[in-house]
Amino acid sequence: MEPGTARFEAFSDGVFAIAATLLVLEFSAAPGSDLGTELLQLWPSYLAYATSFLTIGIIWMNHNHTVSLLGRTDRTMLFINILLLLTIAFLPFPTKLVAQNLKGDGEQAAALAYAATFVLMAALHLIWWGYARKDRRLIANGTSESALRAVDRAYLPGVLMYGTVFVVAFFSPLAAVIITFAIAAFYLPSAALFDR
Amino acid sequence: MEPGTARFEAFSDGVFAIAATLLVLEFSAAPGSDLGTELLQLWPSYLAYATSFLTIGIIWMNHNHTVSLLGRTDRTMLFINILLLLTIAFLPFPTKLVAQNLKGDGEQAAALAYAATFVLMAALHLIWWGYARKDRRLIANGTSESALRAVDRAYLPGVLMYGTVFVVAFFSPLAAVIITFAIAAFYLPSAALFDR
Amino acid sequence: MEPGTARFEAFSDGVFAIAATLLVLEFSAAPGSDLGTELLQLWPSYLAYATSFLTIGIIWMNHNHTVSLLGRTDRTMLFINILLLLTIAFLPFPTKLVAQNLKGDGEQAAALAYAATFVLMAALHLIWWGYARKDRRLIANGTSESALRAVDRAYLPGVLMYGTVFVVAFFSPLAAVIITFAIAAFYLPSAALFDR
Amino acid sequence: MEPGTARFEAFSDGVFAIAATLLVLEFSAAPGSDLGTELLQLWPSYLAYATSFLTIGIIWMNHNHTVSLLGRTDRTMLFINILLLLTIAFLPFPTKLVAQNLKGDGEQAAALAYAATFVLMAALHLIWWGYARKDRRLIANGTSESALRAVDRAYLPGVLMYGTVFVVAFFSPLAAVIITFAIAAFYLPSAALFDR
């Protein structure tokens, strides 16, 4: 069976869009006269929300781009893609942990869980790409070798970068989240992937 | 890289539809014999729900219309679009704040947060449009100048209108929400955008 | 402006699918040794879930069918459609009210809110159809008059049926919910709409 | 009326993607210094999440494949499909029950509810397929008999397997969940469906 990529994209787009939009459910504030102060103190929630939303958005962009290089999918690829989506769809939970615990007693555990999720996501994305790219297994005939190498350059550092964030989380949970934000805001959109 | 606009639309449509549908989660009512009275006292929730749902719906219409004028997207445009979607997807939270605090102690803070979200959204939408329109950067060849000017006339007042709502929220939170509703119900659907 | 119906369908499909899937969030059960008993006592939740899910599913079928008869949309039609979707997206709240209050003190208020939502939905669906059908305003050229009359026969009784459910809810909330279920399970799928 | 399968697929894809993504809402952890320990003790939640997500993902793959064998749909098929989606969309609730009760007092009831949902889902999927396949009622002309028999071989054991899981849940709730996971991870992706 060699299905095309149309509904593969539809299901993936759906999970990306829903996971990003569910992030907002992390926010809560008790009604009352102190609401203004409380909203200002929610800054860890805003930081975690922006970081996760941007990351999901940009991984969706990258996913899109690489799917456009494929000419077909197979059963194994669909399975790896489901595993990748499983980690994307999980992201609202560690995002909520960071939102609720940053600058609190549980901040280290929260930042570690957050970073670990990104490590897993980056690793699965690399496996996803490696499977499709090996001997041009699922690559469309018209895709150039230089386009493949551009993706290699963009995907390989992912696991390493998020692994570093994981180590940083042991020393400074806040720094770990800020670096994750910076990766989404500065590194990912300018990744080698698009520099062709 | 100059990707087309197909999956750009799919992801955007997804976030708009999900954000609008998640608004319903703001509602809650304790079971019991006073349920009827409680449902009537939920009027701030109904007002906030209708205001946010209509606004999202009409911004989706406008987004649709302007995307149809584009001939291509680029990396920067995708990034700005993700920022715009980030504010759309955030809307369920300030909507809930208004629903829970209107006519309560926290009503000013809630209305300010609500209006600030709309200001940010309108500003990002203006940047989104300005980027695409500058020197017809991403505009399709077949799009007329008058169609572009119609969008200009519709998008420029947005920041100003929601900025006014923000100021009104200092004096009367309820009036601020009602004006936001009126903008969605009367101004936006009849905007210059469509008057051609 | 006479946009086509493609993204109109995409946004509508999204709201229908999300509203139906959010219904599951009404369910909750406290952990513990009495879980088995508690799950059996949740029967009002199962009834409300099945009723709302089936109704949304079948209204989606009907919406699909009638959109396929259209040749174009206009601004007013998009606005009416947003109002219709606003009531569809609201359904998870009255569904939760029924689930939590049936056979409790608040059951009458819950059933009235539930029925009122369906009355509003049926009325908006009728307005939606009436606007498109008047003088064949938005109807595709190839659509036969008999196809239009079949939709008339299916949509006209909707408001009346749900209005009757509203009246029944004053006397027996449970009966009102069961009749709503029966409409979704027996009447709607066999509606005149499809009997051609 | 013999509608095509396009929006049938769109609505189904939406419900599958949303149900899978809502699973994450089962997770919760109280903020505090014990967060690390608490996150480790959440293993039943991780197991239930992975099991349900994988199962939904693979049932979506199978659903996709079988829809691709169809040439048309009819009203009855749409109705059966809505019932199937009703059970898919319900899955987040029993998943949450398992997550909260495994290794607790309510674990047997939770595992039974979980298994019963899968039995119902498999039975409806079999009815769905049986209806389409009977006398090639909805099968596309180009679909071979061997492709149909491959689906038969894959779908028939479903009810039996999940029925066995239901029986196992009486004796060992944990074993029942692990077998469900194993079915999703090992049996379903390698099912006869694709072995052609």
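As written, the chain order gives the labels A, B, C and D, with residue 1 at the start of each chain.
By our rule, a contact is a pair of C-beta atoms (placed from the backbone, for glycine too) under 8 Å apart; a residue touches a chain by one contact, two chains touch by 3 or more.
None of the values given here were measured: they were computed from a predicted structure.
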Fraction-based call for chain C against chain B, same above half, different below: different
Relative to chain A, chain with the most remote C-alpha centre: C
Centroid spacing, where centroids are CA-atom means, of chain B and chain D in whole angstrom: 36
Chain centre separation in whole Å, for chain B relative to chain A (CA means): 26
Residues of chain C engaged with two or more neighbouring chains: 10, 14, 18, 22, 25
Chain contact topology (line, ring, star, complete or other): ring
Chain A to chain B touching residues, read off their complex: 9-10, 13-14, 16-18, 20-25, 27, 29, 31-36, 39, 49-50, 53-54, 57-58, 60-61, 64-65, 68, 189, 194, 196
In the complex with chain D, residue positions of chain A that touch it: 1, 3, 7, 10-11, 14-15, 18-19, 22, 25, 75, 78-79, 82, 85-86, 89-93, 97, 100-101, 104-106, 108-110, 112-113
